[in-house]
Structure formats: C-alpha cells, structure tokens
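Both of the next two complexes hold subunit A, though its partner changes from subunit B to subunit C.
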Partner chain A sequence: MYRSIFYKEWLKIRWALALFLLLGLIVLGNIFLNVRYGVRFMDAHDYWYRIIIQGANYAASLKYIPLLAGLGLAIAQYFPEIVSQRIKLTFHLPIRENKVLLIQHGFGLVCLLAVFATYLLVFIIGSAVYFPPEIIHMMLTTILPWFLGGLAAYSLAALIMLEPLWLYRVLYAVIAYGFVTQFYIRVVPLAYTKVLWVFALMAVITVIVILFSGYRFRKGEMHHG
Partner chain B sequence: MVKISRFVLVIIGVIVTAMAIPDLYWTIFQESRPVPNVMFSHVIDDFIIVQPGEDGVIRKDASGNTYTSEEVEQKLPLMFFRQLAADGTMPDSLKGVPMDHATISTHRGSYSYIPRNINTPEPVLLPLIEAESGRVGLSLPEDFFRLKNRIEFIVAETNEVDKEKSRIFNDALLEKGFSFPAQLIAGIPTVMKSKDEGYFIKDDEGDLYHLKKIRGEPYVARIDIPEDMDIVFIESVDMRTEEFYAYLYTEDNEVYVILDEVYYLQKLPVEGFDRNRDRLRIRHDLFGKTISVIGEDFMKVIRIDDVYEVIDTYETTWEPRHERPDHRMFARLFPFEIRLEIPDSRYVGFFFNFAHGYSWLLLNLLFVALAIWLIKRKGRDIRKNIPDLFVILLAGFFGFIATRVFPNKFYE
Partner chain C sequence: MNSMYAIECNNLTHYYGKKLVYENLSFKVGEGKILGLLGKNGAGKSTTINIMNGFLHPTAGECLIYGENSQHLTPATKEKIGFLIEGHIQYAFMNVHQIEKFYSGCYSRWNSEPYWELLSKLQVTPTQKISRMSCGQRSQVALGLILAQDPQLLVLDDFSMGLDPGYRRLFIDYLREYAKANNKTVFVTSHIIQDMERLIDDVLIMDYNRILAQQPVEEFMEKFCQYEIVLENPDMEFPETDLAVNIEQINDKVSFYGYQDISAVKGFLSGQGIAIRSIEEKEMNLEDAFIGLTGMY
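Up next is the complex of A and B:
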C-alpha cells in the first residue's frame, strides 16, 4: 500500500526533483568557479577580507534556489491532484485520510530534504577547498535560513493549492508571503545566529498545515458535490 | 491533528500580521522627535543647546539666552572655525591659546555608541596588520588569525596554518601569562586608518592584553585592570592626537578609555549610563570633551577638560515614548508588535514590543464581541470556539484576522 503511494508520488515529482537538483548544482558550480577565480587571480587575502570583514557572501546566487525548489516540488506534486481532482480518489483508499496526506507530503519533504542535503554537501566540500572551518560555519549560518524558507514554502504552497476556494487561496498566499520573506531578510552574515533554531522550528511545524487544507478539500468536495 | 494544523496556521497568521500591520502603522503615523544637540562654548563657558522643534530650530544656552544661527557659530569657534575664518570673525586666541587651524583640526573628533555596537556579529577571523612596516600606508597581511585554544595564522593563498609564525606568537602570548581561549577581541581590522594598534584581548581569566605585530615580531603587553573589573565590550578608535586606544565598557556600565602608551584606564563620568538602552555621543576638541548620555526620555551632558575633570553638566528630559501621541494611539490599537530587526541590534530576533498599559484591551474586547456575533449569526456553538476567542482577546486585531483567514469549521 505505502509502496504504491510512494511510487505514485515519485512518478509525479521525479522530473521536478531532477530539474532543481541540476539547477542547484549549476549555480553551485558557478559559485565555486567565481571563488576559484577570486582566490587565484585576485589576491587571496583580499578575497578573504571581503568575506570575513566586509561581509561579502560568495553564495549569494544560491539564495532563492531552495525557495524555487520548494515551490516547484509543491506544484509538481499537487497541481495534478487539483486539476483532475484526483486527490478525491486518494481519500477513498483504505487508509485514514490524514495518514495518506501526511505520507504523501512526508515523501515529498524527504525528497526535498535530499536535494537540499546534496546542495549543502557540495557547498561544504567546495568551501573546504578554499576556506577554513570558521568561514564555512559563518556561511552555513548565513545560508541555512534560505533552506528553511524553502521547506516552509513547500508546505505552504501545498496548503494554497489544495484550498478549494479562490478567496482563501489569495488570503493564504498573502500570509504565506509574509511568513516566508522572514527567511530571506537581507542582513549581515551571522545575523540569524541567535534565532536559527526558532526558524528551524517554524519551518518544521509548517509541515503539519497540509492536514488543514486536506480537511477543507474534503469538506469542500462534499459541499460542492 | 487537523486542529493542531489549524492552530499552527493561526499562530503563523498572528506572527505575520503582528509584523506587517504595525509596520504599516509606523510608516504612516510615526512622528520624529529629534534629540537636542548640546555643545560647550568656551566663549561663554556654558552649554549651547540647538533643538529642532515644530516652530523651527531653537538655539539657546543653559541660562536661557537665545541666539541666532550666526551667533551660535561665533560662540563655538572650535567647531565652526572654517566658517568663521571665511567670515573673518575667527578670534586669534581663546583662553590664551592661539587659534591655529591645524591644531584645532587635529584635536577635533567624535565617537558615538549605540547598543547596536555591542549587538553585532564579530568577524570570525582577523588580520594582524604590520604596525611598523616603515611604509606610509598600511597593507593587509597574507594571513588571518584565529584565537581559540591557541593563536593560529591561516594563509589565505593556501588555506593552511603558518605553523612557525603561529608558534612564535603563541609563545609570546603565553610568556606574558595569557590564558586561552580569548573571550573578547577588539581592534580596527582595516587598513583605512592612520596607524595600526593591533588588538585588545580579554583572556579566559578576564585579564586584558594588547597584541601587535611590529616588524614581523609579536608585541604583547599585559594591561593592569582592577581586580573585580568585568570587561564586556571594547571599541578601538583611531585618534589623530594619539590620546587613547579604545573605549572600554564594563558589566557595571562603567566606561573607560585606555590611554595611549601608558595603558592607564581613565574612567569617564557617565553615571546612569546603561549600555543596553542608552546612547553615548562624545565630541573632542582642543580643551576637552563633551559627553552626552542619551536615554529614551533624558539627556545628560558632561563637559570634561583635558585631564578628564568635570567642569560643567547639563540635563534635560522630555516626554517618554509611551506618552507621545503616535505611541498612545498604537497602544489603543495593538497589544504588541513583533519585529525581526531593531535599531539596537544587527542580529535578527523575535523582538516583542508590548504596548504600554492596557488601553488595547477595549479594542480586543470589541473584536471578541464581533467574533461572538459572527459565530452566533451562523448558529454555531460558542463553546467550540473558545480557543479562538482567547486568541482574539490576547492578540486583538491580529488574532481576529488570523482566525478569520484560517476559519474554524467553514463548511457545515
């Protein structure tokens, strides 16, 4: 039973996953080509100075990639469900509806996390070639909110798409926009240090909101016949 | 589970509205109240206060005499010497001291402290700049150092530790009794300054050290500080007069300067200053310094001479923030606001600003009544909506919006 759910989800999202994995790797490749250029052809200590003292962020072009990946994955996974109202069928499976929704969403989330983990791993390995642990740690603290924002965006996009009424879709989108922008404030490196765990918690608890939309979707279906 | 998921959404709704709506409110209604500018005149031996107000700028001295803009300039020749020289009204001497432009200019300077100075992420590695290279300009070294369980210089080009240099500097620190790891390190890590004075470092025992690199060799000095002094912040300054290296702040909110060469800690007379709340504004001139301690609703100005003796003080107060019309109206509308960024910190945080007093309670109760009416109109059970009503009671407008956007039982 679970296996077939996973398989169905996998069929929906595999191309989106591959696309965003590739996109992220291209951006990371570009980042490290720039770093390599900076260290080799400019003065390495000047390049370090810009990062450590002046707060230049060499990973800046990665900023919205996790957000795009989160949104893209949510669309790939939930858009087919709403156009053909296929999710109705899901709710007829012999498992409890909430459980199915959580399994579906959890599967998508694990795939998204795998993509993010790949990005981060490549980022750490690439950075370790040119920089000491202090700089890597500083950069991770600075870019992690972008990834947490991508996670929150994934769950909130699912919420918006599964909502049956357009008025509420718009209202959710406004709130979701205000929420997700918190992860992308333009600030000095390390600025998120003290609240990273709060943001992580916020991104994690957002996962559960899928149940609310599932509930409304079900009731909406009944209502509209 | 569905209830929990709705609860999470309501919380998200409250957070977002409690940030966005007050932000909009302040954009429209915030009134600016400029802090008076208080300077010391050596011509009249009194403070001159320049206060922008609703009916234009008021210029007066501490005794109450009012002045025009030109008169203020003439009373403050050390500040406006270029204008006075251009007008031909610059005095030849003041208090028996000849007015030489170069000297006046060298002694002029200012420093300001805001709580944001402390609440800022520190650089993770630092450059130790050569202090006596023999060159006119300073240049960045090839390496950056870390100061944890030892001092280590990492060469940027190779991303590897320079073991020999690290050993030499480590030994020099240990020889003077330094105990790792460093708790605090302060300096000016840039070459855009007149000279390099290295770093001031508080070690694990709370003692203070001075570290420089002079012709490639380490220079380490241990600075005597009072036994019970707990240093919380040091801010280095680049003074043309070479009077002192840095400002030093203690746990007890005392402020010192570290005098150049002699390492004497000179205390500044700033009683009542609170480093987490207040600002400091210090102006230097040929004869001494004017120190302003600026709080939310008060300003205390202390004039000291060139040996740090207090010669005059001035105090003024104004209405506290919560009594201003824009803040009073805010407190009637909203119980709190949430900000991620505040002027007092460079760190992102969840800063809750609670409204002063309880005047917001009335509006919150009105929203609760409105919510009850809406529930009743649909013929639903009030008892099932009690958690919502609580949210509205506490979060007012924000709670009302959040509970409407994510409705409880939308379909019957």
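Up next is the complex of A and C:
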C-alpha cells in the first residue's frame, strides 16, 4: 500500500521536482558566477569587506526559490486531487483517511527536503571555494529560514487546496501569507541564530494542518457551501 | 460486527442549510442483491451516495456498511467496497498501466484479468493518459478497475454516463451475471432508467423529501399500474383522489397511476359520476412506471 501511494505521488510531482531543482541550480550557478566576478574582477578586498562588515548577502537571489518550490510542489501534488474531487478516490483506499493524507504529504515533504538539501549542498560547496567556514556558517544561518518558509508554504498550500470552501480558502490564504512572511523578514546576517528553532518549530507544526482540511472534506462541508 | 445486510441506512435525515433533503430515510440492501436507486435530479441520490461513502455527515441517522458506520469505515471494510464516482472519475494523470500498477498494490484480492480484458477492446496506447481518453474509454477504465478490485459491494454512481448504448447493454448483462455468479451486492444509480430494468433486483425510488417505492422490482412492476381513461367530456377536470399516486391529463385522455386494480378504479369513476368512453390498463416498462410515479415535472 505504501509503495502504491509513493508511486502515485511520484507520478504527480516528478516534473515539478525536476523543474524546481533545475531552477534552484540555475540561480545558485548565477550566484557563484557573481561571487567569482566580485572576487576576481572587482576588488576582492572590497568584496569581502561588504560581506563581513556591511553584511551583504551574496545569496539574496536564492531567497524566494524555496518558497516557490514549496508552492509549486503543493500545486503539482494537490491540484490533481481536487480536480473533480479526486481526493474521494484517495480517501476510499483501504487505509485510514488521516494516515493516507500524512503518508502522501510526508512523501512530498521528503522530496522537497531532498531538493532543498541539494540546494544547500551546492551552496556550501560553492561557498567553500571563496569563503572561510565562518562566513559559510553565517550565511547558512541567514538562509535557513527561507528554506523553513518553503516547507511551511508547502504544507499551508496543501491545507488551502484541500479545503472544500472558497471562503475558508481565502481566510487560510490571508493567515498563511502573514505566517510565511515571518520567514522572509529582511534582517542582517546572524540575527536569526537565536530564533532558528522557533522557525523550525513553526514549519514542523504546519505539517499536520492538512488533516484539518481532510476532516472538513469528509464532513461534506463543500455540500453546505 | 457481522451484518446480514451489506448496506443498512437508518433514519437518515439531511439538511443543506435550512433545506430539507429527506427525513427518516431508511433502507437496507441484503447481501447478493442488486438495488437501483432512482430519483429525479435533486431528489437526494447524490446525498445518499455521499453519506454511504463517508463524504457527508448526515444531520441525523446513520448508514452502516457491513455493520460499520460509513463515516468511520475500517480499511478492511473499505477494501470490500468498489466505488465508481459519478462521471467515472479516476486518476486521469496516469496511463492504463500506471493506474493498474497503483491499484494492484492497494488491494489484496486484486485480479487484473477483467481489467485487461476490458481494455483490450479499447483503442488506447499503453502510454496514453486517462485524461486524453474519450468519455466512454474512461468509463471502461474505471469499471475495469472496480472489477479487478473484486469487491463484495459495488457502489456505482451513474455508471451508464457516457457509455454507448451497445456497450451499456453489454456491461449491464455482464455486471448482472458477474454479481449473481459471485454473490456481489450492487448499489447502483443511473439516469437511464431503461437500463436498470435488466439489472436490478430491488428498486428504491426517491422523490423530494421521501421514498416513493422500495420493493423488488418485479413486485413493483406487477402492482403499480397505469390506466388510460378516455373521458366523455374533454373539458372536464379529472378529480384528485387518494387511489391514484399520480394523474396526468391531456384533454380527454387521463393517465391514472396507482396500486389499485381496475375494478377499484372503475368503482371510483362510477362513484364520482365520471362518464368515460373507455378505460384500459397499459403495459409499462420501468421508465414509464418511474415517470408515472414521480410525475413528468
């Protein structure tokens, strides 16, 4: 049963995953081309000064890529389920309804994490060419909330898409917007260090909210709309 | 919990907001029976199907499937139910091989033979997605998947939608034979009533807010009668009576529908002093009887 569910989810999301993996790698490639240009062809001393003293973020163009990936993956995974209320087929499978939702959402989450891990790995390797570990650590602390925001956006988009009523969808979307923007407030590097665990906790909590939409769907809320 | 009924709905009441769909609806479907749920659009067929499949909480009452409340079916019971969603909805982003691979891992009794047998008659390529198939092809994929699942109870919501007449006939005959040979229970709705007559054992006819008939289809067809009365006076308005469940009048021709025999109707006419030229019992098929019972409007 699990393998079948993974298979179905994979069929839905594989192209979106490949697309966002590619997009992220292109953006990362662009980032390191710029860094290379800054270090080699401009004044390297000045470039380092801007990063270490002035807190310039050389990875800024990566900021919304995890968010886009999270949203894109949620659409790829859940849009086919809500067209013609196909989620009924999923709920009808011989497995508990909450369990099947968590399994398919968990699978999507693992795939998204794999894409994010690839981004981060490339980012670390690329950064190691030009910067010392201290700067890489500082940059990771700065960009990690963007990735956590991408995870939260993925789960919240799933909540919104599976919700049966448009009114609630709009309401959730407004709340989700306020919630997700917290991960992207512009702050200087290292300012996140002490609250990183709060962001992580916020992202983790959103994983289970999909169960609420599933419950409302099975209660038949769309028929009362 | 064991139950001799595959489906048992007790005192179902449902409202959409303040609009009553029905009140205290009760019916049972015995194992091995084929029941057809008939009703006009808006009579509550979809509401009933949604409650039965756990996609709608009724305002009151309960629906039991093999003794379990349909709102909380265990995986073991869900495995016993094959569900055809209205419009033959399936995972249209898959092709015929992918969908077979997916479902075969979900059901322990999976037998792909009837699925491939059905699909061998379709002009589809192995990589063609279901979303790119015609309505008729999609319906056969959905039906083939249910047969391969080998469920004990088949819930088929408007199964005939999009099927060509010939294939519809073929499927009905196949389904009846399959259900009877394997002691399957079938709960079926269709808006093409003439199909149902060949298929079902029992009929459940719903009207707005109530059940109009619930009995073996043969018994219903035997007891429910249509009399065509030709009046002497074409301007006369035929009177209302409890003897008829429905009366349709066009000029001097009156179609009188009810459960009375012809002598009771004649007695009513003479008692009321209604002069007639003729009265004749008309042969009806299930569709005629359905229209007679529920009215044309």
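Keep this in mind: the second predicted complex is superposed on the first by the 220 of 225 C-alpha atoms of A that agree within 3 Å, B and C clash if a C-alpha of one lies under 4 Å from a C-alpha of the other, contacts with A are read in each partner's own complex, and residues count from 1 in each chain.
Operating definition for what follows: a residue touches a chain if its C-beta (ideal position, glycine included) is under 8 Å from a C-beta of that chain, and two chains touch if they have at least 3 such contacts.
Since the structure is predicted, the reported quantities are computational estimates derived from the model, not experimental observations.
When the two complexes are overlaid on their common chain A, residue A:Tyr47 makes contact with subunit B while staying clear of subunit C. With both complexes placed on chain A, subunit A has more residues touched by B than by the other of subunit B and subunit C. With both structures placed on the common chain, the touch criterion links A:Lys12 to subunit C but leaves subunit B unconnected. Once chain A of one complex is fitted onto chain A of the other, the partner contacts of A:Tyr37 are absent, as it touches neither subunit B nor subunit C. Of the two partner chains, subunit B and subunit C are each touched by A:Lys219.
By the touch criterion defined above, A:Leu211 reaches subunit B but does not reach subunit C.
In the superposition on chain A, the residues of subunit A contacted by subunit B and by subunit C overlap at 219-220, 223.
In the complex of the two chains, the subunit C residues touching subunit A come out as 16-17, 47, 50, 53-57, 71, 75-76, 78-79, 81, 83, 85, 87, 89-94, 98, 101-107. On the subunit A side of its complex with subunit C, the touching residues are 1, 3-4, 7-8, 11-12, 80, 83-86, 88-89, 91-96, 217-220, 223-224.
Listed in rising order, the residues of subunit B touching subunit A in the complex are 1-2, 4-6, 8-9, 12-13, 15-17, 19-20, 120-121, 123-127, 140-144, 146, 154, 156-157, 159, 189-190, 340-341, 346-350, 405-406, 410-411. Against subunit B, in their complex, subunit A makes its touches with residues 39, 43-49, 52-53, 98, 129-132, 134-135, 137-138, 159, 168, 171-172, 175, 178-179, 182, 185, 187-195, 198, 202, 205-206, 208-212, 214-216, 219-220, 222-223.
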